[in-house]
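These notes concern the structure reproduced below.
Chain IDs A, B, C and D follow the sequence of writing; residue 1 opens each chain.
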Amino acid sequence: MDKIKVSLLGATGMVGQKMIKLLADHPYIELVKLSASDSRIGKKYSETVKWIENGSIPEKFRDMKLVSTSPEDNKDVDYVLSALPPEAAEPVELKLVKNGINVISNASPYRLSKDIPLINPEINFEHLRILEGKDTKFVKNPNCTSAIMAMPLVKLLGFDYDRISLVSMQAISGAGFSGLPYMSIDDNIIPYIHGEEEKIPAEISKMYGTVQDGKINGKNIRMSVTSVRVPVKVGHMGVLNMEIKKGVDVEELIKNLNNFSPLKGFNGLYNAPAHPIVVHNEADRPQNAIDTYNGMEVHVGRISYTDRNLRMVILGNNLVRGAAGITILTLELMEQMKL
Amino acid sequence: MDKIKVSLLGATGMVGQKMIKLLADHPYIELVKLSASDSRIGKKYSETVKWIENGSIPEKFRDMKLVSTSPEDNKDVDYVLSALPPEAAEPVELKLVKNGINVISNASPYRLSKDIPLINPEINFEHLRILEGKDTKFVKNPNCTSAIMAMPLVKLLGFDYDRISLVSMQAISGAGFSGLPYMSIDDNIIPYIHGEEEKIPAEISKMYGTVQDGKINGKNIRMSVTSVRVPVKVGHMGVLNMEIKKGVDVEELIKNLNNFSPLKGFNGLYNAPAHPIVVHNEADRPQNAIDTYNGMEVHVGRISYTDRNLRMVILGNNLVRGAAGITILTLELMEQMKL
Amino acid sequence: MDKIKVSLLGATGMVGQKMIKLLADHPYIELVKLSASDSRIGKKYSETVKWIENGSIPEKFRDMKLVSTSPEDNKDVDYVLSALPPEAAEPVELKLVKNGINVISNASPYRLSKDIPLINPEINFEHLRILEGKDTKFVKNPNCTSAIMAMPLVKLLGFDYDRISLVSMQAISGAGFSGLPYMSIDDNIIPYIHGEEEKIPAEISKMYGTVQDGKINGKNIRMSVTSVRVPVKVGHMGVLNMEIKKGVDVEELIKNLNNFSPLKGFNGLYNAPAHPIVVHNEADRPQNAIDTYNGMEVHVGRISYTDRNLRMVILGNNLVRGAAGITILTLELMEQMKL
Amino acid sequence: MDKIKVSLLGATGMVGQKMIKLLADHPYIELVKLSASDSRIGKKYSETVKWIENGSIPEKFRDMKLVSTSPEDNKDVDYVLSALPPEAAEPVELKLVKNGINVISNASPYRLSKDIPLINPEINFEHLRILEGKDTKFVKNPNCTSAIMAMPLVKLLGFDYDRISLVSMQAISGAGFSGLPYMSIDDNIIPYIHGEEEKIPAEISKMYGTVQDGKINGKNIRMSVTSVRVPVKVGHMGVLNMEIKKGVDVEELIKNLNNFSPLKGFNGLYNAPAHPIVVHNEADRPQNAIDTYNGMEVHVGRISYTDRNLRMVILGNNLVRGAAGITILTLELMEQMKL
C-alpha cells in the first residue's frame, strides 16, 4: 500500500515535535513536509527548531527545509496535520480547506462548528462518518483537557446524575513552551486559565453529541469546571465529583472502565492503546511523574461512591492524548474506515 | 502586667520555628522554655535546630538549652504550647494536663473530643467558654487545611445548600520538613493525603458546633473532600463548589466576607488580622506566591454563582493560619477573655 | 532636613518593585515619582504593576500615576534612580543627564566608561569623589553577579595569585520576571548566560581600579568565569578557586572577611549592613533558601586552602546586593559624603 | 550460546530499577533473581517496589519473589550485580566473594583497593585483565560523578597542565530516592555533598592508573573539586577549568573527543554507545533537560582555551553512565574478553 503523505503545520512547537516523534517510524503515514511561520521558511528543521523532546531529532527530518503554510506548498499531500497556535490556525486552515486540501487540526477555531467533527477517537469516531462523500475533509481534535477528561465520562453519563463538578489541575506545557515564565508559576498555583472553563463542557458536549442530517448536536451535560495551573510540566489531572441519586456499583464501574475498548475491531491503529482507560487501585495513583509516559492512556484512580457522590481522579498526557496522539490516531482511523 | 510565660513543645520543627518567630517580640507573651525530643535535651537551641525560617534565629533563643517535655520541666509556665507531631503529642500532652498544666496544642489527638474546644479563633472563640472554671485548660487547634477552609464557610453555611464539594491542593510543608522526598513530589501531583479527607469535614463540623452542657455538638455539614499534594512549599488552596438552590447575591456575599471581623471588640489581639478574610477580584488570584505572606488572612477569589453552583477558591498559609498563628491568637484571646 | 526627592524609572519590574519596598519607609529619601514605559503612563501604579514582592504594594504608591521617563517629567527631583532594562536605559538616561538631571542607574550601558563611577559601595565608594564639583551626577551600579562576587575579593586580591577561576550559578530572577519560560529551565541547568562572562571580570576590574585625573583605570585582574543558569529564583552563588603560591592563613582570612566594615565611619546609611560579608562555618552553607533574606550581606562559606588552592563559595541576593539595595545605598552615601 | 545468569542486589532502589529496565530485553544476559533487604524477602517484586521508572515494571519481573542477599540464595548465578547502598554493600559483597561468587558492584566500599578493578569501561577496560586466572571475580564501578567527569579527561591528561579545577553540580537522584526532602533542596543550592570531593579525584586517579604485578597504581592527578547539590532530578554537570601552559588546539581536541571510541573492536557490547563522548557546539548545551536521555553518552560543551585556561562543561546521566549502565557494560565486556 502506498503510504499516506502528510505535511505538518507548526512543526517547531511542542505539539509539532511530539507529532514528529510519533510519525518518525510510522508504518503507513509518511511525514513529507514541515511548515512553520514565515520567518523560518527555507531553513533546515534542525537549524530553526528548539528541540526539546527526549532524544535527538529523527535523522530524516534534520535537514528537511521548512515550507510555508500556504495551499501551494501543501497541495501534494494527502492530509495536512495542524499543530498551529489558535490565532495563526484560523485563516491558514480555512484557506487550505477552501483549496481542497484535507486538514486534521488541533487548533481551537471551528471546534464547535456543527458540521466539523471534533474527534476524540474512542469516544466518537463514528462522527467521522459525516465526512463520507465530502471532497475535502476538515476534522478537529479537542482541547487537551477536554480530550482527557471526556474519556471516563463514557461510563458515567448514563447515570442519573445531577451535576458534574470538575477541578482540573493543568500542566504548564498546556500553555506552550514559552507560555509561562518560571517566576510566575514555580512554587505557585494560578487559579485561572483563560477560556478553559468554557471550552471543556462545550467540547465534551459535542463529543458526546448525536448526528442528525450531517450535523452534530451536542449532548446536554451539566458540568461546572474550575481550571487551575499547577507547577508540573506534563499531565493534566482532574478531580471529578458527580452527584448521583441511584446507587453506583463501584466494582462494576471499574470493570467497565478497564474493559472499554471500542476500537478493537480495527486493524492498523498504530496509536490506539489496548486499554484507553486504566484504573488504578493504589490510593496514591495516578501520578504525573509515573503515569503520563504511555501517552494515549487516560489514567483513573481514587474512585469512590459515598453519600451519593461519585468521585474519581483522572490524568492524561496533555501533549499525546491531549494533542499529537489523537491527531494521528484520527488519521489512522480515517484510513481504516476508508473515509 | 506580668507577661504570660509559655513553653514550647516541638521547638525545632517547622511549626515550632514559626511560633518562635511570632513570639520573639510579643508584647505580653514570653517564651521561656523550649523543649524537643529526648536526644536534644540539654543542647543549645541553635546547635540542634535546622533553622529554615527566613532570617536568623532570634537572639534570645540561640543559647537557650532545650528541656524535656515532662511536667517537671514545664510546670512553672502559664501555658504549654504544643507543636509536636501527633504520635509524640498524645501521651505527652495528656500527662501535662493530668499534672495540672495548661496546654494549647496543634496536634491531632483529642481534636474531636467533645469537651475539648477546637479553636479557629474568629469562627468559634466562644467555645473557649466551656473552660470557664476549669482548673486546667486543654485547647486544640484544627488541622491546617480545616483551619483555612473553614473560614469563608462562616458566610456560606447559612445558605440552603445541598452539598459542599472541596478539592484541597496542599503544600509540601504540610507534611513536615522531611515529609516528602524531592524525587517523589517534584513535577508531580500525588492525589492522596493519608487521613486528610476525613479530618476536614469532622473538624469543621465541630468548629461550627453548638455548646450544650459543656460539650460541643458538631453541626451537620454535608461535605465531600478530595485532598491532593501539589509541588508548592507553602499555602493550601481549595476549590469549593456548593450546590445552592436559592439564588445567591454574589456582591452581597463578597461584602459579607470582606467585612467579617468578629474579634474587633477585643484589644490586644496581636495576631488577629483586621480582615481575616480577603476577597480578590482579579481573575487570577489568590496565588500562593503572592498571597501567603500575611499569614493569618484567608484569601478568597474566583467567586461565581452559575446554574445554582457557588464556586470559590480559598487560600491560606498552612504554617500560620493553619498552625502557629492560631495557637498564639488563641492564647491571646484566652488572656483577653480572662479565661 | 529636607528629604531627598527621587523618581524611579522602571517602577513595575522586579528591581523597581524591590526599590519601592526599600524606599517605602526610608527616613530621608522620598520616592515621589514612578515612571515606566509609554503604555503605562497615566495609569495608577496598582493598576498596571504585576506586583510580586511579598506583602501588598505600600499604600502611598498604590494610586500614584505613572509619568514618562522624559526630562520634563523628572526634572523636579533631586535624583532619578533607574531600574530600566538595558536597551531602554541607554537613550533615556543619557537624555536625563544631558538635561542636568542626576541619575543613579542599574542598567548596563556606560558601566565601563572611565569617567562614570561604577559603585559597589563598600568596595569603592571613594570613586564617587570624581563627581565632586560636577553639576550633574551620573553613577552606575554593577551587574548583579559582579556586585556579589566582588565583595570577598577585597581580602583576596592582595595575595600573590596566579588566576581566579569563578563558576557562577545564577538565579532565574537575574533574567527578569519573564526572562525564562518554566519549560526551559525547570529541572535543568543552562550552561550559558549571554554576555555575562565578559561583564564580570571587566566590572570587577573597574570597581578595584584607581582614579587618575578624574578617570578610573581598571585593576589588572586575571579571572576566568563560567556562568550557568540554575533553577532557583533568587540568589547568585559562585564557587571561586584561586591559585595562590604563598601560604594563606585561613583563620586570619575568615577574621578579615567578617570584620570588613569600611562604611562604619558614616552615619545614616540606612541600607548598609553592619557586616557586609558574613562567613559561615557550617559545611553546608551558605544556601539560597536560608541566606538570601538579609539582602545586602554577601555570604561566604566552604573556605579552604589546599595544595595552594584557595576555595570559597559566595552567595548574595541578586535583587538587593545585586541591584536595588546598592542603588539606594549609593544615594545614601552620596548624601553623607555631601556630593 | 547460553545466557549469562545474573542476580541483582538492591533491586528496588533507583539504580536497581534502572538495571531491571536495561536488562529486561538483553540478548545474552538474563536477570534471574532479585534480592533486597530482609523485610522484602518472599514478596513479589511488584508488591514491594515503589516503581518510578517511566513505563510499567517489565512483565517478567512483576511476580518474581525477592530472595535474600546471602551466598546461598545467589550461588547458582554467573554474576551478582550489586546496586546496594554502601553500608549494606560492604559485608554482603565480601561474603559473596569469599563464597566464590562473582560480583560486579556500584557500591563504594573497596573501590580504592589496588587489586580490585574500578571499571569505567571505555577508560580502563584493560584493568579487567588483572582478573585473568582468578577463580572469583570482584569488580567495582566508580561513583556516579567520577564516572562521568573522567570521560573527557582521556584527551586532557596528556596536556602539560598545572591543575584541574572542577565544580560539579549534582542531581538529587544521586542521593537516592529519599535522599533529600523537597523542603531542603527546592529553590536552593546546597554547596556540600558529604564525601564527594575526596572520592572524585581518588577514583579518577585509579581509573587512569597503571597495572603492576596485578595491582593498580593510581595516576598522579592534580585536581581540586567542589561539589554542590542543585535542584535537578537527573544529570551531573561539571565545569572544568584546567591551566595548560602550552597552546591547545581546540578544533583538534573537539575532533579527538568526538572520535573517541576505544571499544569499537568488540562485538556484542549492547550498552556501549557508538560515541561515548558527544561534543556540542551550541553555546547553551549540554543541558540536563535535553541531553541526559541517551544515558551512556557523556556530553561536553562550551570548550574554550583562553589565556592558558582550558574550560569545558561536562554532563552525564548519573543513573546510567554513573551507575546501572556501566555495570552492565562491564559485564558485557568481561564476556567478550572471555574473562
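Here is the rule we use: contacts are C-beta pairs under 8 Å (C-beta built on N, C-alpha and C of every residue); 3 or more make two chains touch, one makes a residue touch a chain.
What you are looking at is a predicted structure, and each value in this text was computed from that prediction instead of being measured.
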item: Winner on C-beta contact pairs when B-D is weighed against B-C; value: B-D
item: Relative to subunit A, chain with the most remote C-alpha centre; value: C
item: Subunit C and subunit D: spacing of chain centres that average the CA atoms, whole Å; value: 42
item: Centre distance in Å when subunit B and subunit D are each reduced to the mean of their C-alpha atoms; value: 48
item: Chain centre separation (subunit B, subunit C; CA means) in Å; value: 40
item: Contacts with 2+ other chains: residues of subunit B; value: 52, 184, 186-187, 231, 233, 289-290
item: Contacting residues of subunit D [partner subunit B, same complex]; value: 14, 52, 172-173, 177-187, 231, 233
item: In the complex, subunit C residues that touch subunit D; value: 162-163, 165, 167, 169, 184, 186-192, 222, 224, 226, 228, 230-233, 235, 237, 239, 241, 243, 283-290, 301-302, 306-307, 309, 311, 313
item: Subunit D residues within the subunit A interface of the complex; value: 51-52, 54-56, 186-187, 289-290, 293-294
